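Each in structure tokens, the structures are laid out below.
One chain, subunit A, appears in both complexes that follow, with subunit B as partner in the first and subunit C in the second.
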Partner chain A sequence: MDALIAPLLNGSAQGALLLLAALGLSLTFGQMGVINMAHGEFLMIGAFAAYLVQQVIKASDLSIPVALPVAFVVAGLFGLLLEVTIIRWMYRRPLDTLLVTVGVGLILQQAALQIFPSQGVPVEKPSWLDGQLNILGYAWPLRQLFTIVLAVACVAALSAWLKYTSFGRRIRATVHNRDLAETTGISTRAIDRLTFFVGSGLAGVAGVAASLIGGTNSQMGAQYIIPAFLVVAAGGIGQLKGTIIAAWAVGVALSYFAYWTTGSLAQVLAFILVIVFLQLRPQGLFTVRTRSLA
Partner chain B sequence: MSNSSKRMRALMATGALGTAMALVLAGCGARAGDDTAGAGSSPAASCVDTSGSTVKLGFLNSLTGGMAISEKTVSNVLHMASDEINASGGILGKKIEYVQEDGATDWPTFAEKTEKLLTQDCVAAIFGGWTSSSRKAVKPVVEKLNGLFFYPVQYEGLESSPNIYYTGATTNQQIIPAMDFLASKGVKKLFLAGSDYVFPRTANAIIKLYAAKLGIEIVGEEYVPLDKDDWTSQVAKIVAAKPDFIFNTINGSSNVGFVKAYYDAGLTPAKTPIISVSIAEEEAPAMGHEVTGNYASWNYFQSLKTDTNPKFIESWKAYPNSSGVTSDPMEAAYISMYLYKALVEAAGSFDVDKVNAAAKANKITFDAPEGTVTLDGENHHISKPGHIGQINKDNQFDVVWASDKFIEPDPYLEGYDWFPADVRKQLVDAAG
Partner chain C sequence: MTKSKSWLSLSGIGVFAVLLLAVAPLMLTDHWLNNLGKYCCWAIAAVGIGLAWGRGGMLVMGQGVFFALGAYSMAMHLTLETAGDRIPGFMVLYDPLAPLPMFWEPFRSATFTLLAIVLLPVIVAGILGYALFKRRVKGAYFAILTQALAVALAVLISSTIRETGGDTGLSDFKYFFGFVLNDPANKAMVYFIAAALLIVCLLAVWQLYRSRFGELLVATRDAEERVRFLGYDPANVKLVAFIVSALMASIGGALFVPIVGIITPAEIGAAASILMIAGVAFGGRASLFGPALGAMAVGWGQSSLGSTWPEGWTYILGLLFIVVVLFLPNGLSSLPARLAAARRKPDVQPTPVIVAAELEEVRS
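Let's turn to the complex of A and B:
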């Protein structure tokens, strides 16, 4: 039983982390077409924000809930700064944004290396995440449940925001047809900035989750960037539900492969699966239907 | 910490862009290489000039990129040691003038910088490196140009070179003592967890052979790529395998993920302890309380009570850019500078061949923080004490086991009857 249940649960948690890392990208890449290679470093900023919050609020039971909104705002502000200073000059030039944001990512990594202890810093897990939940005989770590709850909450908040608020409607209008949106009086510049803030902020939240799973150091962001892009691409550009399904599927596949084979082989197999899928269905799981000619 | 491509994540994880950058770097590299070839094509004779009041030495570590996380400290310790030596009169009366180069976590860069240091800066010796990949990049260059390279990190052994001195542990000074410790604890079932590259694979091949001899059953073996922190799925397999002990050859920040997944799964040092060969005083703080109570095998710990250790710790704490704690690779880097000084003074010359001859002819020793180490003039490794430490809540190590004497270096494990010659050959070939 363990052999079936454990990978399913572990994989769902892995998928949830992947989803958190990919959510912001599905906005900035999916909706705006910006290839932001510094997204992983925004995730790192979120993790370091959690560490700094813990320096102020010593009790980790309280500090992690506080760290989530703080990380969102801090990473979001870094994203906003990047948008205002650099990205805005490069819309419709995806290759340039790729190269420039790689550079920005390296600068942020080196800055973190200079500022914080080079081996990284500890982020303490709240004690209410100690322990395991017994699921059909498998002792499932509570921390994994937390990752899933956090991912579900972020998805719910994001989709409600996109669907029910006027900001959300303007973002969707801009994505579907930028010119038409502009003619109806929407400031697409303001929308771009806002989208970038929210997308980067979500990376910050993912960073808090990642800080409870792995190390918090200057290099941590790099491991999430490629899987996150793959998940967004496999899900279908600009499609939240596609990203969700793709992230969960990759997480579970990774975990089953790891259980049956080895950790290294699992990485290879899971991403071969994604690449084969993209060969067969280059548009991803779902596509946006739009009437724009572009 | 240690060895091979420890943290290549900057390169690996950025995938496509890594390729793009590699192309750019290759472009630059080719130009620099051409210049070097131009200068170096004139006679191979050493251009080292020690006629003045100084001697030039090269320091080569990754100060940027993923490996900077670990190598920065080693680089700082080298600076501290050379400052100390200069303050006490230099080497053969000559002050050290160092040339710092950045290996940038890129192995071809290590080779290129080595060539530059030897042919353009004309340094008498080079110190640094961390990963086995960087050492393997430097090795052919120092051998071709007859330079000297001092390598300060524990590694997978099965190597020796007339142009390299190894001041970190080889396997019989770290892996084998760890196994002896496990045997003394009555361990019957062992699980092997490692990062996926040459050091853990080689170490585990050796561990499995010795375990068979000691009557320890290996109940599982798992590897995860160096750049991945998430050990969740593998730890679920460890829980299912129910080992008495876990032998951890994971490197770098992946260790943090491993320890967190271990703690999350309800595994404890009381029932299923971990023994690590890459977690030291520098790494433990980043893991928080979740690592407390587990073990590590090293030669040096900050907590060692030797005559020379307090001075080393004090000097380091007072040094600018200090991390505040001392660790095994730092101490090995410190040894490397003083070992070089002792070698040159025994030879009465900075000449590579004379230094190597002095290594063979004399018993070169140094009162290191870990105790008095002795150089083996044949294999260029040093004797070391084996120590097992248990991590306490201050992220320091309480020594719980020590080898009864200093362990002579045996990089090819020729003195161990359970290590068959065909396996040795296979591993040496595989390591390239």
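Let's turn to the complex of A and C:
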């Protein structure tokens, strides 16, 4: 029984991290149609921001809570810069945003490699993350629990923001019908910028979580980007609930596969699983019904 | 394509063939001829990407998979040829007593290896393409899925050290179908094979582009729904282009092995697949020569600047993507036409042709 439960706990935490990485993508890719391959590098920026915050605030107990909003803003500003300089010219050709952002990602990776030590930097874990919490007879490491709580908080905040604030309503209006939104006086350009800021900022938050679990180096973003995209695709475009379920499923699947086989084989199997799933449901778990073709 | 322009392209291929097969061997040292051979391998794969992406609108971001099928088929054969009756050295290193893995056994045969290089990519691309295109997976989804496959394959190879050599890859080949690889004359022969096959691939796409199939492919790229309404199945059209491009990537990979002398997961993974795309985007995805020349240019940059000035090269590569996609979506090959158009009518920009259909794909 233990053998079946342990990967489940571990996988839920892995899924939560994946969800954090995919959340921003589901906003920029799902809502705006921008395929941002530099999203992984924004995640990396968040992780490095956490490291830099720790250089200023030495006490790691305090620095991580401070790092979360800092990483959000820093990564968000990078995203904003990307939107204002490049993406804004490319809304009419989404597939090309993929190529452009691949280039941006390469540059950011190389810059990180030159600014920071190539073997990566240590992000110290706060002492309140040591230890375990007993729930239902199983010991949950607090570190994993923290990732899950952070993911849940981000999802809750994002969906509440989209649903109840006027910003959120404007974003949804712009996504559903850009022209009509414009006609009602919404500045769709400003909304684009805001959406991209928030989406990229969420990658920064994911970066802080990732820095507490794995290493912080220039390559860390690259390993998240493809799984995150697969999660968004499998979950269905423009749907937060699909992304949540897909991220959790992929995380748990990865964890069980890794338990039964090896870590790298688990990655291959999980990829194949998602690809097969997309065969069965090309539109993902949940779809927004439209009358458009194909 | 008008008839005269089509024949102009053919004579262009002729000039290119003379340059590659006659001028280059006379002008270049053995070292650079070998390098040129390596660029030819990338160019062969790039011609296929040009067909699938430039003409077919399928952004194939995982050509490394097919490159790997060809490359590892060839590398397994050459490793076995070098090892003779014994078990390859690297396998003995990890487990001295275990037998040769099952899937290696048939690669002892030269005929089987050559068949595998041709048939494996056709089968894999056929199954994958059939499944994806019939389900109307396209646009960004297709790109991400193919890229995911390249990542998965690279991870798989990295983790199976004993079966595939892992991250160190397969290397130290002494023989190439009976020829000693150390001999410069034999090295030159391998170059000639690569260059000749590049010319053959160019001729093949030249013929494809001027055929009805080529027109149908472009039509599918620009307005898939209209093609469907006209009674064609776009899935079949795309499938053929995808299979041909996979085959070319495999051939490029197979020749890469004897020319470079090593194959590792790094040559086939996500970064390598993106590098192949970079060359095609740079040269001009929809043109005949653009992909091949672009791939050769990027290949040259990768192997010269990439080793002497790696930081700078990565920045250049990144900027290349940004600048080309922003300002020259149809690559360098569209530059003369754009300049000419700008001179004639200074205020009218030629509209990019590839973009309209993509919008639908991602939005829908």
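A few notes on this one:
By definition in this document, the second predicted complex is superposed on the first by the 282 of 294 C-alpha atoms of A that agree within 3 Å, B and C clash if a C-alpha of one lies under 4 Å from a C-alpha of the other, contacts with A are read in each partner's own complex, and residues count from 1 in each chain.
Keep in mind that, in the parts below, contacts are C-beta pairs under 8 Å (C-beta built on N, C-alpha and C of every residue); 3 or more make two chains touch, one makes a residue touch a chain.
Predicted model, so just to flag it, every value in this text is computed and none were measured.
Overlay on subunit A: subunit B and subunit C clash in the combined arrangement. Of the two partner chains placed around the shared chain by superposition, subunit B is the only one that A:Leu17 touches, whereas subunit C remains out of contact.
By the touch criterion defined above, A:Ala222 reaches both subunit B and subunit C.
Contact with subunit B, but none with subunit C, is seen for A:Pro141 once the two complexes are overlaid on the shared chain. In the overlay built on the shared chain, the residue A:Gln109 is in contact with subunit B and with subunit C. In the superposed model, A:Leu99 makes contact with both subunit B and subunit C. By the document's definition of touching, neither partner reaches A:Ala190: not subunit B, not subunit C.
Judged by the touch definition given at the top, the superposed model places A:Ser264 against both subunit B and subunit C. Set side by side, subunit B and subunit C differ in how many residues of subunit A they touch, and the one touching more is B. Once the two complexes are laid over each other on the shared chain, residue contacts for A:Ala59 go to neither subunit B nor subunit C. Subunit B is struck by only one stretch of subunit C after the chain A overlay, and of the options 23-31, 131-139, 329-337 or 347-355 that stretch is 23-31. Looking at subunit A, you'll find residues 98-99, 102, 105-106, 109-110, 113, 222, 226, 262-264, 267 touch subunit B in one structure and subunit C in the other. Listed in rising order, the residues of subunit A touching subunit B in the complex are 2, 6-7, 10-11, 13-14, 17, 37, 40, 98-99, 102, 105-106, 109-110, 113, 117-125, 129, 131-132, 138-139, 141-144, 210, 212-220, 222-226, 254-255, 258-259, 262-264, 266-267.
Against subunit C, in their complex, subunit A makes its touches with residues 29, 33, 35, 86, 89-90, 92-96, 98-100, 102-107, 109-110, 113-114, 222, 226, 229-230, 233, 262-265, 267-268, 271-272, 274-275, 278-279, 282, 290, 292-294. Subunit B makes touch with subunit A in their complex at residues 7, 9-10, 12-17, 20-21, 64, 66, 68-70, 72-73, 196, 222-225, 227-234, 236-237, 239-240, 253-257, 260-261, 263-266, 282-283, 285-290, 323. Residues 59, 131-132, 135-141, 143-145, 147-149, 151-153, 155-156, 158-159, 224-225, 270, 274, 277, 281, 311, 314-315, 317-322, 325-326, 329, 352, 354-355, 358-364 of subunit C are the ones touching subunit A in the complex.
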